[in-house]
Amino acid sequence: MYNFRNDYSEGAHPNILQKLITTNLQQQPGYGDDVYSEQAKILLKKHLENFNAAIHFVSGGTQTNLLVIAALLKVHEAVISAHTGHIFSHETGAIEAVGHRIITIETTNGKLQQQCIEAALKNYQLRPHIVKPKMVYISNATEVGSIYTKAELIALWEFCQTNNLLLFMDGARLGNALMTPKSDVTLADLSKYTDVFYIGGTKNGALLGEAIVFNNQSLAPEFDYVLKQKGALLAKGRLLGIQFLELFTNDLYFQLATHANQMAMKMATAISALGFGFLSEPVTNQIFPILPKKVIESLANKYLFYQWKEIDAETAIIRLITSWATDEQVVNEFIADLQQAVN
Amino acid sequence: MYNFRNDYSEGAHPNILQKLITTNLQQQPGYGDDVYSEQAKILLKKHLENFNAAIHFVSGGTQTNLLVIAALLKVHEAVISAHTGHIFSHETGAIEAVGHRIITIETTNGKLQQQCIEAALKNYQLRPHIVKPKMVYISNATEVGSIYTKAELIALWEFCQTNNLLLFMDGARLGNALMTPKSDVTLADLSKYTDVFYIGGTKNGALLGEAIVFNNQSLAPEFDYVLKQKGALLAKGRLLGIQFLELFTNDLYFQLATHANQMAMKMATAISALGFGFLSEPVTNQIFPILPKKVIESLANKYLFYQWKEIDAETAIIRLITSWATDEQVVNEFIADLQQAVN
Amino acid sequence: MYNFRNDYSEGAHPNILQKLITTNLQQQPGYGDDVYSEQAKILLKKHLENFNAAIHFVSGGTQTNLLVIAALLKVHEAVISAHTGHIFSHETGAIEAVGHRIITIETTNGKLQQQCIEAALKNYQLRPHIVKPKMVYISNATEVGSIYTKAELIALWEFCQTNNLLLFMDGARLGNALMTPKSDVTLADLSKYTDVFYIGGTKNGALLGEAIVFNNQSLAPEFDYVLKQKGALLAKGRLLGIQFLELFTNDLYFQLATHANQMAMKMATAISALGFGFLSEPVTNQIFPILPKKVIESLANKYLFYQWKEIDAETAIIRLITSWATDEQVVNEFIADLQQAVN
Amino acid sequence: MYNFRNDYSEGAHPNILQKLITTNLQQQPGYGDDVYSEQAKILLKKHLENFNAAIHFVSGGTQTNLLVIAALLKVHEAVISAHTGHIFSHETGAIEAVGHRIITIETTNGKLQQQCIEAALKNYQLRPHIVKPKMVYISNATEVGSIYTKAELIALWEFCQTNNLLLFMDGARLGNALMTPKSDVTLADLSKYTDVFYIGGTKNGALLGEAIVFNNQSLAPEFDYVLKQKGALLAKGRLLGIQFLELFTNDLYFQLATHANQMAMKMATAISALGFGFLSEPVTNQIFPILPKKVIESLANKYLFYQWKEIDAETAIIRLITSWATDEQVVNEFIADLQQAVN
């Protein structure tokens, strides 16, 4: 069975493992003060075109989200998120556990826009009987595979600035978002039009690791304490530094994300060619084809994927996810199997 | 300007103030171990027909809600509430601040029923990536003035038992709920068909005070620690004990709630007689008439009330609240003024 | 049995009860926006000689402490306290429950001084592996009856300013501290030489109530949210406003504290005259005489008090507390009984 | 400069890196459901001789401690620790941040014994005005290099059982504790005489990773939720499973700890032979020699180590730490350099 269920089924890109081996017995300071972490941060700041940024490496997305929110919000402040936002839908109350409400907004495509945030702000005005909205959390790519364009991002940023809201972007699948041909956003744009975001490594070639970027280091000058308090400061911080150093050497990170996207697009094109539609336009490495149940059953014999939603007695939506490690050979087989199942 | 905006505009029933004076210089142990608190608890247990209950007096509703939920839920557990539930809509994130998510359900009448809870449970099954629903929070009367019948309560209780959920009733306006002729529920029923509930004093004749009832004392055997930790254990606990002792002597509590309800019904009957409708059936001391804006403007010159919602350019809904202290004379005047404004 | 065990055995000063009655049916806005609370705040600001202060009334000391600390500290910051400090010794982990460590310092007299705080700061330097000290908490009078002089207070304040520490004074027994002849501190001094403090009502004539004073309103501009979130915002805030209005009308607050102190001094003088010593110099309304156990046993037949500590087989220390309501007649009897027990 | 400052300066044992490479492209389920984690758990349970245990792999020690304590304590419960305990001295308030007080005990050797715990329990009896002690936290090896014997462990366990306390052992350096010739304790003993403990990987050959062992799986049946909520559940859980699988294959874990201990003993023997003493008996991989400052200065030119404490103008204590990766060649050089510096 080949796994199209998620993008964390394999280990790490071989370059990373190789670098772990060649550096293995170099003695280094602990807790992120190693030379690899330092080099990786410099490299990232070049990509960001922002040497005023503060960068911290941590081990996962939920951890990132709770750290950033715990560090930036006061006890009575809340974060606004799409209903599909990872902090609301898949993190077991991590944000509430550090004391904050998530104000949710229903969306059709996982994206937040000015109008819906305005409506939420209006519902949260009864000071002091209700929490104060202080942060907007968005994911790029979203949990349903969509992305923000540069124009949308700038509009959100300006709205947040006007309304004294922090803008935080969850970049668990940031590579996929940036590398789709539909995107006109760069890392440097994110450093201009958000307050804080993170660059996801776990889902794009790393064993584990996310790079948190505060675009202005004065935003959380004592974030190191928070890292340690929440159990996020690895003794062997080199493990994270080395990975980001490799991922951003020769643009490996972008290549890996491009591969994942291309594999998904290849499948999407074939599915389209067979006359099937999608829940939403295929853009990144998550696609949601609408298929006859018979076809789905047939594919399910050889491939793992998520059965997203039933449409009617004969049709359903599935989710297919590709990754940096997806084998093009298998993609080709999948397409062939699909064509055969249809005929 | 007479206030129909809320039910906490006045002080306390005179019996209470009188008792404060006559007992004032009696030396008593602190922290709720005074003789008045003891007597009040015995009296309440008689009404509850439950001597296995554990009763604690605290100063307000938000405090009650956060205490009960902090004491009963584990870190990864959540409480289900109507979207209108006080814990979600009016308590400034008190529940999230003690670490728990509120899972909200949209309702038309502020009441939770089995079907909607079942749907919520279904959405919260992706263990361990989402919190575990463990408690159902209901208000009686609800925040929009509706009540639970005995049959509804038993159905909810049985559903909760079957699904390993705790049932917690917010009784900030419990007197109003029990004393409406539409209700067939008694205090003793609440002691059978909920795990924990509270009897609201602040909105029914007390200066401040709510009586938390755990129907089985084994549910929270160390609740006293939690009371102290959250700043809810008054040094002069006598202040709470005396008030509940007076409120439940000669059924004063029930009489006061009956008065509030009757005043609201008197207004509702007159409004009906003039041909106007209501957002929801008038049942307790909160009513939501739909009136011409011209009429509303005229009334607003003499009376304070909440402008609930606009219907159209010419019509809107207002909320009128009566209390144990509402002056029947003023109610009569209000009715006369209304009749005049209409004609 | 007469109670010298604590200073919260009785109700409230009669002026307060009288005012509750005369204002009882005046309709007032809820949540502290009533006219009495407004008047009380103005009156207090006059005493403080500080119209830039922000004042909030709440119901008790533990609540006050957790509110102030939750509002002012960031997640990785800690508060320094004497080991005897109420927040450490008597509040059931209220401060840890809102997420903060209490860094404790052993003292002989319950008072903090520059040297011991400096030592604590030195022990808490291993950033980011240990919390950051950010606040100094002192009690005046302390939990063992001692007080701060103006010189000591100014020295502490300057030390805190230099070291970027907030200074917070717990004034549960502030009246007793200010009114002892040994004190040269005024309310206005507290408004100059602390960041935040509170004026205790519960132990000096109120049914319940503490007045939190932020000396600079910009220190916690959104404290109202925190009050509501922690369940501290009373619907009938008038109850607190009325009490502080009465307590500070015609200096009643100071008279009540003076009475309590004088009763304690009368006992102390008599005890001294009999040749007995004290654990610490009697200064406020808590005194700690060292007496023969035989004498203690004899007194324990008629009076309630706390057996503080055994010295040896024949001698022990007891604690006697007087209050605004202590009956001088009983004090005289106690002295006579003591004299008789000794002879 | 060679680093004797800590035991996390290098990467991982080569077997682990090799296994990461050979398994790298095997698709596996995420979040710890991979086959390597399963195999590692079975292997560990064999060592523990306990198939009723529940094992969870996480990334670090602070994370482990906060997870276990958050999952097992109720809001009003506290944990008892030596003053030197890692949770108190080096984790930035992680335990307070999840709401719990650490009750500290001063010790001379970092170890807790019955008498001092009894004294702490006595100080924490004023229910409900003080937190309830519910857990005892010990480290083995301790933060100052000492260990618990089997007799001491059993005595502690029995004391905890009698007093309704949970016993939790921090095993960040568990290998070093078990493999010193002074120890008569086995992994299977820990599974009998503690409630929960962890097997430290980070400091004994892993890139990162600790194995939490609940000796009775009924103690925390929903711990998976807590893992996710606190950001501790790695998407690629295989990274942790593979490491523990390798560490416990052919007893590698024990060999690595033995090497570290032997390197420290070699240094200790040489130091002793030169007539120098130690702060405490050298037992594990942390030793604390007392040396002339001149000697220390000389060594500091070639070696990194921690200057523990000054004794007098001419003498001080240093801390030397060895690890699984310490090069015996360098140890020999260090000894030669020391001998030369002395002469």
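Chains: A, B, C and D, in written order; residue numbering restarts at 1 for each.
Operating definition for what follows: a contact is a pair of C-beta atoms (placed from the backbone, for glycine too) under 8 Å apart; a residue touches a chain by one contact, two chains touch by 3 or more.
Quantities reported herein were computed from a predicted structural model and do not represent experimental measurements.
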In contact with chain C and with chain D at once: which chains are those? Just list them. A, B
When I count C-beta pairs in contact, which pair ends up with more: B-D or B-C? B-C
Centre-to-centre on C-alpha atoms, which chain is most distant from chain A? C
Note: chain D sits from chain B at a C-alpha centroid distance in Å of 51
Averaged over CA atoms, how far is the centre of chain A from the centre of chain B? Could you give it in whole Å? 43
Centre-of-Cα separation between chain C and chain B, whole angstrom: 34
Could you list the positions in chain B whose residues touch two or more of the other chains? 75-76, 91-93, 97-99, 128-129, 131, 225, 228-229, 233
Residues of chain C defined as touching chain B within the complex: 2-3, 6, 8-12, 14, 17, 20-21, 23-30, 59-67, 91-94, 97, 202-203, 207-208, 225, 228-236, 238-239, 325
How about chain C: which of its residues touch chain D in the complex? 75-76, 78, 89-93, 96-97, 99-101, 126, 128-131
As the complex stands, chain A meets chain C at residues 70-71, 74-76, 98-99, 127-129, 131-132, 222, 224-229, 233
